[in-house]
Each structure stands twice: as C-alpha cells, then as structure tokens.
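Shared between the two complexes below is chain A, which pairs with chain B and chain C, respectively.
Up next, the complex of A and B:
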C-alpha cells in the first residue's frame, strides 16, 4: 500500500514468531516398570508447559506494543488441537508443520525445519521459544534455530522489553539477573518465571478456527526428507531408565514452633530455599 | 340530637352528625376544598406517572415485556402474597422485621382509610349514601388509630436506628432520612389534627379514637373548644395543618418513582418474574455446547460467535435492571455474607448497588456512546467476584428477592473469557481440561478408596442391573481424609442390602468448579460426557456424598439431557433408618454431644436439613444447634470453587465457623459435605480446637457391625 502524501509514516507492526511443541502430558504417563518402558497408550497431549510461557509472552508483547503473532508447531497431525489453543491464547495465525519424514528427528532437525518455516514466513522481528520442552528438555531448539538463522540469541529471559528497534532482556541465571540488549530481529528463549500463562476458555479454543491455520509439509517448505527426521538423527536412544529418587524420611519432632525452625534450617542447608 | 350540647356554626356541620354517629364531611374546611385538593392531586399524579415512565425507559422495558409477563402475576401469586404481603423474608430479622412490617401494614391501613374517606365524601355522599357512619365508623376509627400508632412508632424506630445505632451492614441513600422524617410528620400530624378536630367539635364517641382523644384532651386542657373565643383562630390553624398534611402526603406519593419507595413495585415484579421452573441451584445457561459441537461437525468452519456474561451495563437485561433497582440498601445480605465476615473484599449489597448506580449513570449517556467496561472502570473488581463462595446466604436473606449470586456468576464469566484468572484458578481449569478432575490426578486412581472395602465395590461398566449409582465425586475419590466418607457410605449401603455401583475411572468431575468459576464451556463439556456415560448405563437413581455433585446432577444436568432421581446420602441414610434397614440407636453415639454444619448446597440450594438431624436424633446424640443453622447456615469457605484458590482476607471463613461450632460445647462437629469436612478438620488442627469433625455417614457407619 502506498503512503498518502503528507500523512505521517506509520510504524510497521511488530512481527512475532513463537514456536511450541505438542507433547505428551507427563503427569498422565504410566511407567511399565517390568519392561522399563513408558506406556504411551491413551496418554494425553498438551502444549509443552514452558512453551505456553513463550506464547503468553508473545501475546503480552503484542498487547503492549501491537503486532502480529505467528505461532509455529512441528509435530503430529493431532497437534492441531494444541495449535488452536495457542490461537485462542491470542496468536493471530498458525503454521502447523506435519510431515511423516519429520518424525523421530532430534532437536537439531527440528531447529532446521523451523528455520525453513521462518524463512518461508519471511518478515519477522522477534522469535520466541521456551528454554526447553517438558518431554526431552534438550534446550537446543531455540539456540540452534538462532544459529541456522544467524540471529542474536538471548536466552533464559525473565523479562523482555522492546522499544523501537532495541530489545532488552533480563536473563534469569543461577547467581543473579543479567540484563542484555540487542537490536531486533533476534531470538529469545523465555524461562518459566517470565509470566503466568492465561488459559483460554473452551469456547475460545473452539472459536480459534476463524483464525488462519495453514498446514505445511516438507514439500511446501522445500525440505529434502533425507536431511531431517529419523534419517538424519544424530541422537540414538540406547536405553531409558526411571530416575530413582528416595525420600529422606527425616522427621522433626518437638513443639510445632521448634520443628518448623528445624525444618527451615534443614531446607536452607540443602539449598532447597534461598 | 347527639351534638345537642354543642353550639357550632352550622356551616361546619353535616346533617348526619346531628342525628347519628357519623364522620363529618371535610370538617372545619371550606366547601371548595375538594376542588383544590383534586387539582393538586392531578399534578401529583402527573409527576408520579412521569417518574414511572422514566424508570421504565431506564429499565429498557417495553410494552411487550409487560404484557407477556402479566400472567406470571397469577402464577406467582402465592409467592407475592406470602413473601410480599406476608413480609416473610422481612420478618427473618427481628428489629428490622417488626419495624418494617408495622410501617408496611400501617401505610396500607392508613391509605385504605384515606381512600374510604375520599370515596365516602366525593362519590357516595353526593348520591345520598354515607359510608363512614354507625358501628362501622367507630371500628374504622379505632383500627386506624392503632395502625397509625404502630406506623409512627415504627418510623421512630427506623429513624433512631439510622441516627444512633446504625448497623455496620446498612447502606444509606441521600433521601432516606428525609423520607422517614416525612413519614414521621404524617404519623404525628395525623394524630395532632385528629385531636384538634375532636377538641373543636367534641363528639361522644371520642374514645373510639384512643390516640386522637389523648391529643383532644391536651387541646381541651389549654382551652381549645367550640365555645372558646379563640375558636376561629384554631380553625385556621387546623386548616393550615390539614393542608400541610395533604401536601406532605402528596409529595411522598409523587416521590415514589424517584426514591427508594420504588422498591415496592420492583420487589413485586421480582417475585412475579421468579421462574418456578428454574431451581435456585441452577445457573443460567448462556449457550448449548452440544448444539455448537453438532454444527461444527457438519461444518468444520463453523465458529460460535458468543459473548457471555456481563461486561458493560448494556449487558444488563430489563428484568435484571428491575431486580437491581429493588435493592433498598438494607444490607441484610452483607450481614449474612461469610466472605464479608472474613474481611474479604466483597459485600453483596455493594455489588448490587454498584451495578445499579452504573446503569443509572450510563443511561444518561448518548445512544452513540459505548458503555464502559464494568471492570476497567472499577465498578466491579475481579477479586471481589472471586471472594464469593456462592453460599447464597445473601439470596436467602434478601427481602426483595434479588439473586446476588446470579450476577456474581455472570460477572465471573466475563472475567474468565477475558483470561484474567489467577494462576491457581488457571491450574484448576487446566486440570479440568486435561484430567477431568480439579486435582490433575489420573482418573485411573479414582477407585483407590475401594481397596479396603470388604468385598470391594462394583464398577458400573462390569455390573448392570444395580439399583443405585454412587456418584463418589472427586474429593471423596482422591482426598485421603474424604475417602473415608465414601467407604462409610459403601459400608452403610452394603449393610442395608442395597445394590449399587460406581463409575470408577469413568467418573469425571461433574463440572461444578468450572461452572461456578465462570468457565461455562468446560462445565458443559464435562456434563455432556458424564450424562452420555450415565445414560449409556441406564442409570436411574444416583446417590452422592457431596452436595455440590448432588446439586449439579439434580439441578443442572436435566437441562443437558441428564434426568435422574438424585438423593443426598443423608436423605438415603435417613430413609434406611426409617425403613428399619439399619439400626443406630442405643449405640456408642448415645448422648454424645454434636453440632451440625449444614452445607450451603444441601440446605440453601436444596432445602435438605431435616434428614441429617433425623439421623443424629435417631442415634440419640445430644444435638446442640449453632446460632446460624439450617437455612441460616454460614459456610465452610469452600463453595463456588473457592476450595481451589486463595483470596485476600483477614481471617478464614472456616475458622469463624469452627469457633461458632466450638462455642456450642459439642464434642463432635458433624458435616454432610466432604469439602466442609476437610476444611473444618484442617481448621481444628490449625487452631487447636477440640472438635472431632465427622461426616454423618462416618458416624453412622461406625455404629454398624
């Protein structure tokens, strides 16, 4: 659209891309201890918890700065349900990437596919991902995607501020908060404490169908199936084991006040509370 | 010649008074008085009617709505007579009840009295008929004097309360004291004038006006009389007083549609509009999910375009506006509100008043202007809405029959669809969405409680042809303490030889927490799944241990195609005792002191209060009632999904109630709801209160072998 002469130049809306993973709900998993296997049968699925924080943050940035959010998911066909939920949370359009050749790929493969998706989308100012997903938690996809796209990456974000072209991020690190800055476009991986994701209503999820949801595959993205998915996986699962965590079974006796004091001391000593 | 001893200018006398007991026509007044009086009345009527018209246009009520709903006047006639004319709810409180009903009946009696005078003077007498004469007139005088006295005392009580010992919960409108002073003037001046008249025209039947005669004697004692030289000046005084009395009366009549007085027609309309088909425990249904899903099935691109709840004052429908405007700011709701007592940011009175004031303010705006969001303007606050435990204490108390909870629940729907919930509330909804229970536990663990039930419990999917389906509910399924309630009921039913099954892992949350939180869609999704399952197994009779499940299945599910005979476990146990199927008398419970906490959803929503008491009495327990019992019960603090989140407060609702229970001196606090049970047990532990908290079913089960 051409600008009317004399009118003030209008700022382009912020283009945000947010990626999420459709995962098995880990709270519903049953473990077949006899065969040391996870029983996936009838398991429920959801948007990976921390990815919801990324989506929420995208929506909050949009609410504050204006913009358009494209939500992207590489996953199975039934990820459509989760994609609709992301749209209901406030994303404007969705790209669901489904292809049999993408299955069983490792994190690098996913990052590569996402990079091709981003290239096909074209214009963007900010890419948001979580730090890691609740299923495998490799923490690789975000940083790898930034590398594929040759973007600055700001990780573990607990606060994001955008002002003009300047992006400021607070990074929540073990020993403190680090504030970093860069110019957009950039990629930010968010940490869980950044926000409390909203929960869309059932009707909002059902109504998300009116928003643009495109399904893309290897062909639409022009990806050679031999460089992605299982065919190119650099990770091989040798074995699975259930983490063993034994309870310490410490009992503090005495008056409630004394017991509470002892408990607090013990927790401090363990580093469970700071 | 009754007035033989009196010499009066004949112009003041009617012929009838000279021969028999009769009321003088416009006594001591010039003969053209009616002309002025009725001319003034026409102006008053015009002001009154304009006020009514203005009200109705603010209510956005059309002719269609009026005529369509008129038949309900007959349908709900009994309610209007009992609650309105009978002052049923008003009398639930003593001081305010006595005060208001004397004012109410006083006004009715005095209005009828005045109307009779008007009919007599200006309709019947020109036809040669005298209505107010003989014994009828003497009775009339006495009755009106008594009602007049009651009225005046009631107004004094009302004024005194407002001025010197106003209760914390009572609101005050600017015109309140003014109106009361006006009414006090009416009451007192009525007697003064009657006394003056009787002093100026003494009649032998003066003592048939017990109060008026006192004033007459007073006037006579200062020398007022028919033969006094000051007679004419006293007549002038009388005439001045008479006109002031008339003008004040007219001013009060004209003010009806501009002041609090309009609560009278509004509360009648409220009672008239009561939907007898909709039980109190049934929330409004803004859409039907089954229909939306059907449409999406045939057309995947179908998008439901729904806005539910109340976001701006324009979302308030005419009947809701009338309901809100019936509020007199009396504050009985606030006095009864457990959330308010706990120092939460909620007063049902203010919710109503704020909504009402907002739509009045908005009605002054131009049509083109959009009304502002109730929440962003601060008229209504999120925390205020979620402070409510939906216990319906306010609804039970409200003398003008406002349903405060209905408004709160509708407003919550707006908060939910604006996605402004707190993390704990989001977790609740997310658990309901992904796990179909509020805990987020796997439903495969639902029957864990049956593990130590001897011979186990039948599962519906494997056992047909049983009489009852026991709807366990999430809390009795998953909460370790509440599981014992389920085990107790199973033991009782087995002992009584009843056949029953449970849904086991197929049972889902009934949806109540979602619905009361304001997530209508999620509620309906759960309801539809449960109903499909129950209907699939051909379930006819359902017993529940949880009043929330009970209320939902009994009152909400019929709307969605789930119609069953639902009983609460206290009802079933009471019936089993009556039929002799179980025997608990002369057992361990005998003479043990107990107090019963009525669960809101059992007693206020479903009027269950006799049955649990019958059980305790049958066990010969020493029942010590709390001051707030039966329909006046308090709350445990868990209702309306409050169990699942925290809200800022000064003290907990639970601790207030625990204290009340402890004050009875009872050793045991009996409950009939697993939520109440866990709330109180936690509270007794925290506060160190010596009270054994037991569900009625647990008490009974322990008596059985």
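Up next, the complex of A and C:
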C-alpha cells in the first residue's frame, strides 16, 4: 500500500524474543548430608527465577511500547508447563525446543541452539535473557547468544527504555549504575532487581492454552546433532556435592573477660567481624 | 473418576504455592506473637486468588470450578487452618453465597469489591444460643417504611471483626419461621463487632462477635427470597464444608511432610528415628489417612462441580451434599489425628508452637466443630442412608 502524504508512517510492532530455562526448584531439593549428595527425586520444576524477571520485563516493555513477544525455551518436554506459564504472564507465542541430542549440553551449546531458533523466527528487535539461571548460573548463554548473532549486548540491566530505535539500559554494577545506549536490534541480560514478576490470573492461565506453542527439534532447526548437546560439550560435570558446613565448635574457657577477649580475637582473625 | 490435574490446574497451584511461600514467614511471626495476620489479604490479592471461584463477570472473579478451588485451598491449608479459614469466610461462605442468592444488582454492587479484596466477607449464622440448631436463633428483624431493623447477636464468626460485608440471618420478630438473610455492611448504623479472645487456636485469624442494635438495613440488602434464609444458610454450608475438607487435606499433608523431614534428621538410639518401626507406623498411618481423605474430598468436589452445572437437579445436589459431609467429617478428623501423630514424631519439639504440628493440632480442632460438628455430620450421613423418616436432629 502506498503511503498517503501527511500520514504518519505506521511503525511495525516491536518484536521481542525472551529466553528462559526450565529448572529444578532449588528450594525443593533434599540434601543427603550423610552421603554428601543432592536428592533430586520428586523435586518440582519451575521457570528459573531470573528468567522470570526477563519475561516480566518483556511484558512490561510490550505494555508500554506495544509489540509481540515470542518466548523460547530449550529444555525437556515437561517444560511445556513452564512455557504455558510464560504465555500466561503475557507472552504471545512460544517455541519449545526439545531434542534428545540437545541433552547434557554446555551453556555454549544452548546459546548456539538458541541462535538457530532466533534465525528461524527471523524478525526481532530485542532479545531478553537473564544474567544467569538459578541452577548452574554460568552467565554465558546471553552473551554467547549475542556473539552468535553478532548483536550488541547490554548486560546486568536494572532498567530498560526503548524510544524509537534507541535502547537505553541501566547496568547494575557492584559500585554503581552505568547507563549505556545502542540501537536495536540488541540483546539485553536483565538482573533480578529489574522488576517483581507478576502472578498470572487463572483467566490468563486458561487463555494461555489457546496461544501458539510450537515444538521445534534439531531437524526443524537444521542442527547437526554432533555439534550440540553432550556430543559437543566442552564442559563435563564431574561431580555434584553439598557444601560442607561443619561447625568449628571451639570453646574458650577461663574467666568470662578472658574468654570474651579470645572470642573477639578469633572472630576478627576469621574475618567474621570487621 | 479421574483426578489427573490439567496443566492449568498445575499452574494455578504454582501461583498459590508462591503466595504461600510468601505468607509463611509472616504467619510464623504472627502465630507466635498471637496477633492477626494482616498480610493474608494483600499476598493472596496479588496472586489473584481472592475471587477464584467467582464468575468472571464480576471484578477479579476467575471462574474456577469447585475442584480447582478445592485444590488451591488444599495448598493454602498446608500453611495453617487460620489462613484457610479466611478463605472459607470470605470466599466460600461469603462470596459464593452472594453469587448464588444475590440479585444481579447486588452482585454488581459488591462482588467486584470483594473479589479484589477491597471488602472482606463473613457469614453470621451462629449465635450464643444457636449453633447446631440454627432454628433456635434469637436475632430478629422488623420492617418499617421499606427498611429492616435488626436486633441480636452473632458469635464465633470467622472474619467477623474484620469483615466489611456480612451475610446475616434473622427471624421476623416474634416468629420462629420465615428466616431471612441480609447483607450487612460494617458501617451500617447499629452494627458493631469485636474479636473473640482466648481461643484455643487460630490466633492469627479473626473470629468475631457481632452485635446488632436496631441495625438499619436498606431493603435492597435482603439476600434471597423472603423467608428462604435457612435454604441460603444450608447451601452456603455445602461450599463452606468443601473448603474445610480441602484445607484439612492440606493440614494432613503438611503434618506428613514435617514428620518426614524430622524423622529423616533426628537420631535416637544411634539411628535416624525414621528407622524405628514404631515411627514408621506413625508415618504410614498419616499417609493412608491423608490419601483416603484426599480422594473423598476430590470426589466431593467433582460432585459439587456436577451439581453446580445442573443447579435444578435435586438428586445431584443431595448426592453432592452427602459426599461433602463425608469428606468434611473425614478430613477434619484425619487432620487432627495427623497433627497428633506428627507431634508425637517430633517428641518434645512437637510440644511447641515453634513447630507446625502443634499449631495444626489446636487449629484443626476447630474443623470438627464449625460448619457442622462431628455429631451433626454423622447423623446427617446416616439419615441420608436410612431415609428422611429417621431425621434425628431437626
């Protein structure tokens, strides 16, 4: 259609992609202290906490700027429940990526798979991920995905503003806030303080079931199984153990004044107090 | 009957779980300090659970069916009977009754504000002289120039002293038939309330005394048809009892969970106490009781869903009423026994309100009294089987 002179050019809606990981709820894990093992049996699963912040932020950006959100999860088949939760929170469509060859891959492999997903989706203006996941917290997936796609990456975001093509991000750093800008398309990793994720209502949960949820696998994405998953993993988890939290159980004897002095010295020496 | 949960039910349970995790530390403090937990409302409002089974036509109503709502209350029940009782008063006895019996105008006027938590509801049937036998109630009303004037007192009303809108029952003055139900707002002239003190349990949840002294109720606040008060009350009790049953299943689940954690950690006689057979027996018994109660409760909830779908079908209604009575009776007793067993597994540590078994023990005791005492329900169940001519308590 030809543009009428004097009418505003109709802007295309913002296309947002947000990625999340389906993880085991760490608060439900049982720890077997005797055998120094983590018992995963019967533990519940959930959207990784910080990824929920990324999803929430995508929805807030959409509420402010308009747009369409595609939520992506590379995970096991039972991640469908979490994917529906993301749809209930306000995402518009979902791509659940399941393939046996993707299992036990390292973070780089996940980033590569995601890059292929993004390429298949095609159009996008903004990709959101968390800074790290509650299970392994490698912090690699977001930045590596940006590299695979050759995108500007703005990390540790505590505030995101989009105005036209300009993206402004406050980065929450240890010693202050850094404000950075770039043009979209870009990738942003969000930090946990960026927002408080909402609870979806039952109505939203029910309507999530009607939104588009496509399952893609290695074949749909044209990924060669030998370059992903366990086959290509550069990282191998050798063991998983519970941190030792043995108490020192030191008793200072003698007169209360002396014992107190010794206690204070010991605490200072341990760095327990400054 | 198939009780497989849908993805949607699982998700609403996760939302509930998050809200419950938020309220737990607050409830711990309030319980030990024996003060009202005023965070229950805001936390569950944020999770959009305050109008869960109410129609989507009204405010934040979510239109959940009776089974989904029961599942949510089971999860809430794990946090304690006080929190679940808030829901029973506000949602099951309050809003569902208003939704069933209210005029469209009344529903439009109130339900948006009750589903979003702006107004808390309660249900006032019991009086100092009328508990199991509501027909002994003394509250009475007169009608003058299109206004009702209500006199009397209500006792042991859940949410009573915090409620903004209360379903209240009374007879026409001088009569003991033709009971009517009214919607009384907290700020109506002649109404006052106070919390009951020195309760055995439920210290963080409100149970109130209500006073009506020539309380002025506008005509448009009559609830249901004139003279149909008892029908309103009995239908409310169906929803109310189901909520109690569901909550009690949650209590028993929490007792099991707590007992398992403790039995896995505590060592006596050089073994984890979970390795002692007599401790294993306690755990097995809680679990068997719990599963039986859960099945009865889910079945009752499914019966309620069916009855709600065909409100004119009296047979379905009567079946649901009976199933709910069985589920409530069983679950209330199971939760009490489960608390006692969990407390026993905890030894002396069980004898402290710092641990939840002790709280469950005293709190869930109320469930064998309210919404039909054990004795009333036993008779109700038997009469349904024997036939109406064996009526023993009317």
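Assume the second predicted complex is superposed on the first by the 231 of 274 C-alpha atoms of A that agree within 3 Å, B and C clash if a C-alpha of one lies under 4 Å from a C-alpha of the other, contacts with A are read in each partner's own complex, and residues count from 1 in each chain.
Here is the rule we go by: a residue touches a chain if its C-beta (ideal position, glycine included) is under 8 Å from a C-beta of that chain, and two chains touch if they have at least 3 such contacts.
Bear in mind that the values here come from a model prediction, so they are computed numbers and not experimental data.
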item: Partners on chain A (chain B, chain C) - clash or fit; value: clash
item: Touch count on chain A, higher of chain B and chain C; value: B
item: First (chain B), second (chain C), both or neither touched by A:201; value: both
item: Chain B versus chain C as contact partner of A:210, first or second or both or neither; value: first
item: Touched partner set for A:80, first chain B, second chain C, both or neither; value: second
item: Which superposed partner A:66 touches (first chain B, second chain C, both, neither); value: neither
item: Chain B versus chain C as contact partner of A:46, first or second or both or neither; value: both
item: Chain B versus chain C as contact partner of A:13, first or second or both or neither; value: neither
item: Clashing chain B stretch [against chain C; choices 4-12, 436-444 or 580-588]; value: 436-444
item: Where chain A meets both chain C and chain B, residue numbers; value: 27, 46, 199-203, 206, 209
item: Chain B residues touching chain A - in the complex, by the definition given at the top; value: 287, 289, 292, 296, 300-306, 308, 416-417, 419-423, 426, 429-430, 433-435, 440, 442, 444, 519-522, 524-525
item: Touching residues on chain A, where the partner in the complex is chain C; value: 27, 46, 80-81, 84-85, 88, 199-203, 205-206, 208-209
item: Residues of chain C touching chain A in the complex; value: 7-8, 10-12, 14-15, 18-19, 21, 46-48, 52, 56, 60, 62-64, 68
item: Residue ranges of chain A touching chain B (in the complex, touch as defined); value: 25, 27-28, 30, 44, 46, 89, 196-204, 206-207, 209-210
